[in-house]
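There are two complexes below, and they share subunit A, which is joined by subunit B in the first and by subunit C in the second.
Let's turn to the complex of A and B:
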């Protein structure tokens, strides 16, 4: 029983990470109708940069995490401005360009960082006894808390701030919002940067627990996409529910069925959603 | 004039094996495989505007179906390749039927997922596929000869291109382009846009299965590299660099990139990075590729 609960908690931690990674995809899809296929690479860069800054440059771990997320955010702004903006209105080209970008970044990461998994230093040590049932690593608990904090911050940003109002206005009717004076190009750019930064923060938070490698980026992207389809394209609530569901199912599946096939559960869910409820849990029915 | 040009190309294609040594003949055969792959991918991406990331995966379906039938069932490769083509078509129909009505983004996501899953299954089911070690399968001919393979590939590629040309010049081809240019206008003039897209996706997937089956029996060693995303990227880069949405673009792109990659083989690890950068620059600044650039220069003169 306590073993089962531990796998469940593992799933919850992974679910939080899945949720912030998927929020990054969903935010961009909702506003720009663009899927960033280089999403997984942003996650990997988040983890690697935080490792390099902490171990290579000797910067305190918390600061190195923040710096790596900020760097990926700036990278995201540049990508939007130079590569995504010229494709507006042509969905196919944005898909092709971000796919090419993912191949470039993946190969660049292999050359720069090498193929070996890296693990940035943990922020906290030791373990806590959960309700007297099992011991659970503090770093994992901290990751869950950080993920929850980021989810809360994004929800606040979208629901309560001027930026969030512009985001919602644009995703409802871009032309109308632009006519009413919303600087839609700027909102696009910031949202895309934010999407990349969310992926990077997911990578930086999880890397001390599950090391990152350049070849792992495909699976990361795929997980985020499955969560977004499961939750409903463009729905932020859906990302949280979808992220946790997928995290729990993958962990239980890997524990009780097969570790090699961990990522297959996600694909089965994707097909199941497309068959039964293609608009997702919280999406709008088309 | 155009006819004379085509006849010239055909003549050169027939004479090629008598001038190339074994190594370059091998490169020519591989280029023909990529011509089939890039052209059939162009059929969906260039002509109906949908991006499938499972094209290499369908080639893998073709290669592994035919290879395993030949190895474990003693089925003749010719029959095996047909079986692989059909299976790729059926899988394409199934995947496409599930997600095409939800829009282009869904097709891209689902095909990416399918591609990853297929690679994971092939890598893990070692007792049947020998995983990353690769599976040794019999060839098409009882006596190995590169010249024979070259003519087989050339014949299939030509049949392939003629078939595609016919399809594109038919009413169906017109419907493809109508769907690409203006989906709303196409559907109001009575075109079932979902059906047209599904048809394009299914036939293109079947073509990838056929190309993959042939490729497997030529190499006689099939590995999970055939259905990998790296391979998918090469096919995409060939179509993008050559020129999507034009008939000649992917053909030129495939031959150019395959020969180029032989020249830069010594820089192995930079090879995908380099092609990626070139493809990115082309996609960003010249979306109609080399063919489009050439036409622009020609018109200016």
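Let's turn to the complex of A and C:
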């Protein structure tokens, strides 16, 4: 029993990470109708920059994490302004641009950081006894808490703030929002930056537990897309539910069936959802 | 008197189709001007040109004497041009209050406090008769209420000129009467100049002081309703020429 609960908790930790990464994709797709194929690279850069700043430059781990996410956010703003903005009006161009960007960034990461997995230092050490059932690593618990905090912050941003009102208006009817004076260029740029920053924060949070490598970016993008489709396009709740479901299933499947098939379980669920409920768990039926 | 909104030789084509050909017009403070013409005559294209959705390729559009045709739609809105659409487009998944707040925030990003913004939004809803509906989802409103919500939202951007695209379409006679009262109230109480596309001829001929007629992208007539109604070119545009 305690073993099962531990696998479940592992699943929750991965689920939280999946959710924030997928929220980044969903935000960008919902507002800009742009699919960012370089999403996984942002995750990798988040992890690597955090490692480099902490180990290479000797900055305290918490600060290095924040700096790496901030750096990727700024990078995202620049990418939107100079690469995505010129493609407005034809979604195919942005698709190709982000695809190329993904290849360039992945190879840049290989050149700059090398092919070896890196692990930034943990923020906390030791383990906590969970209700007397099992011992669980503090770093993992912290990761779960951080992911939950970020999810909460994004929900607050979208639901309660003025920026969020503009975001929701644009995602429902871009042209109408412009007619009401909403500066969609600014909202687009900030949203893209936020999408990248969310991927980077997922990478930076999980890297001390599961090391990042440049070649892992494809799987990260894929997982994020799977979660978005699973949860339903355009639904933030769906991202969270989809992320957790995927994380839990992959971990339980890996524990009780086989680790070799870890990533297969997610795709089986995805196929099931696409067959029975193509609009996703929380999406709108089309 | 200087016009509030002026178009000078506005032209716009899509591919080989000349959707607007050297259309000029002037709207004066407090006026209500009708824009009519058969289907495909360029009425909505002219509105799209004014609001920057499809900017004119030639010619100039001026608001209070300042050229606006190189600006982006959101900037044109902030300069003071509001618009409603033929097919209502409220943000369905937002409440009425939130819908109006989008307009207020859009117009003035910084500045006023949350309380002031909400208060202004509630006043706008009150003005169009949606006072008690502020927390209802826009998707659950009736057609007339949705149209009123669109008006409230457009008014929230504090426009100098309001472009109405077939607000009466789909309404029954008693609803048309309510909508007409509202448009008159917007013009008189809010001192907004109105440029109005409509297919309900009876209504637009009674409500407007001046009518502009488009046909195949060109302005073919302009004047008081009676004069326009008896203009042979207008009759020909609507009913077809003798040789057609």
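In the analysis below, the second predicted complex is superposed on the first by the 286 of 286 C-alpha atoms of A that agree within 3 Å, B and C clash if a C-alpha of one lies under 4 Å from a C-alpha of the other, contacts with A are read in each partner's own complex, and residues count from 1 in each chain.
Rule of thumb we're sticking to: a contact is a pair of C-beta atoms (placed from the backbone, for glycine too) under 8 Å apart; a residue touches a chain by one contact, two chains touch by 3 or more.
Only a predicted model underlies this, so the values are computations on that prediction, with no experimental measurement involved.
Enquirer: Mind working out whether A:266 is in touch with subunit B, subunit C, both or neither, as first, second, both or neither?
Expert: first
Enquirer: After lining up the shared chain so the two structures overlap, which partner does A:165 touch, if you call subunit B first and subunit C second: first, second, both or neither?
Expert: In the superposition, A:165 contacts subunit C only.
Enquirer: What is the contact status of A:110 with respect to subunit B (first) and subunit C (second): first, second, both, or neither?
Expert: It touches subunit B, and subunit C stays clear.
Enquirer: Between subunit C and subunit B, which one touches more residues of subunit A when both complexes sit on the common chain A?
Expert: Here the partner covering more residues of subunit A is B.
Enquirer: So, A:282: does it touch subunit B (first), subunit C (second), both, or neither?
Expert: After superposition on chain A, A:282 lies in contact with neither partner.
Enquirer: After superposition on the shared chain, which partner residues are touched by A:177: those of subunit B (first), subunit C (second), both, or neither?
Expert: It touches subunit C, and subunit B stays clear.
Enquirer: Could you pull out which residues of subunit A sit against subunit B in one structure and against subunit C in the other?
Expert: Of subunit A, no residue contacts subunit B in one complex and subunit C in the other.
Enquirer: So in the complex, which bits of subunit A are touching subunit B?
Expert: Residues 29, 33, 35, 37, 82-83, 86, 91-93, 95-97, 99-101, 103-104, 107-108, 110-111, 218-219, 221-222, 225-226, 229, 233, 260-261, 263-264, 266-267, 270-271, 274-275, 278, 286 of subunit A touch subunit B in their complex.
Enquirer: Show which residues of subunit B lie in contact with subunit A when the two form their complex.
Expert: 45, 49-51, 53, 98-99, 101-102, 104-106, 108-110, 112-114, 116-117, 120-121, 124, 229-230, 233, 236-237, 240, 269-270, 272-273, 276-277, 279-280, 283-284, 287
Enquirer: Quick check on the complex: what are the subunit C residues that touch subunit A?
Expert: Against subunit A, the touching part of subunit C is residues 51, 53, 72-74, 77-78, 82-83, 85, 89, 91-94, 98, 101-103, 105-107, 109, 153-154, 156-157.
Enquirer: Which residues of subunit A touch subunit C in the complex?
Expert: Against subunit C, the touching part of subunit A is residues 162, 165-166, 168-169, 172-173, 175-185.
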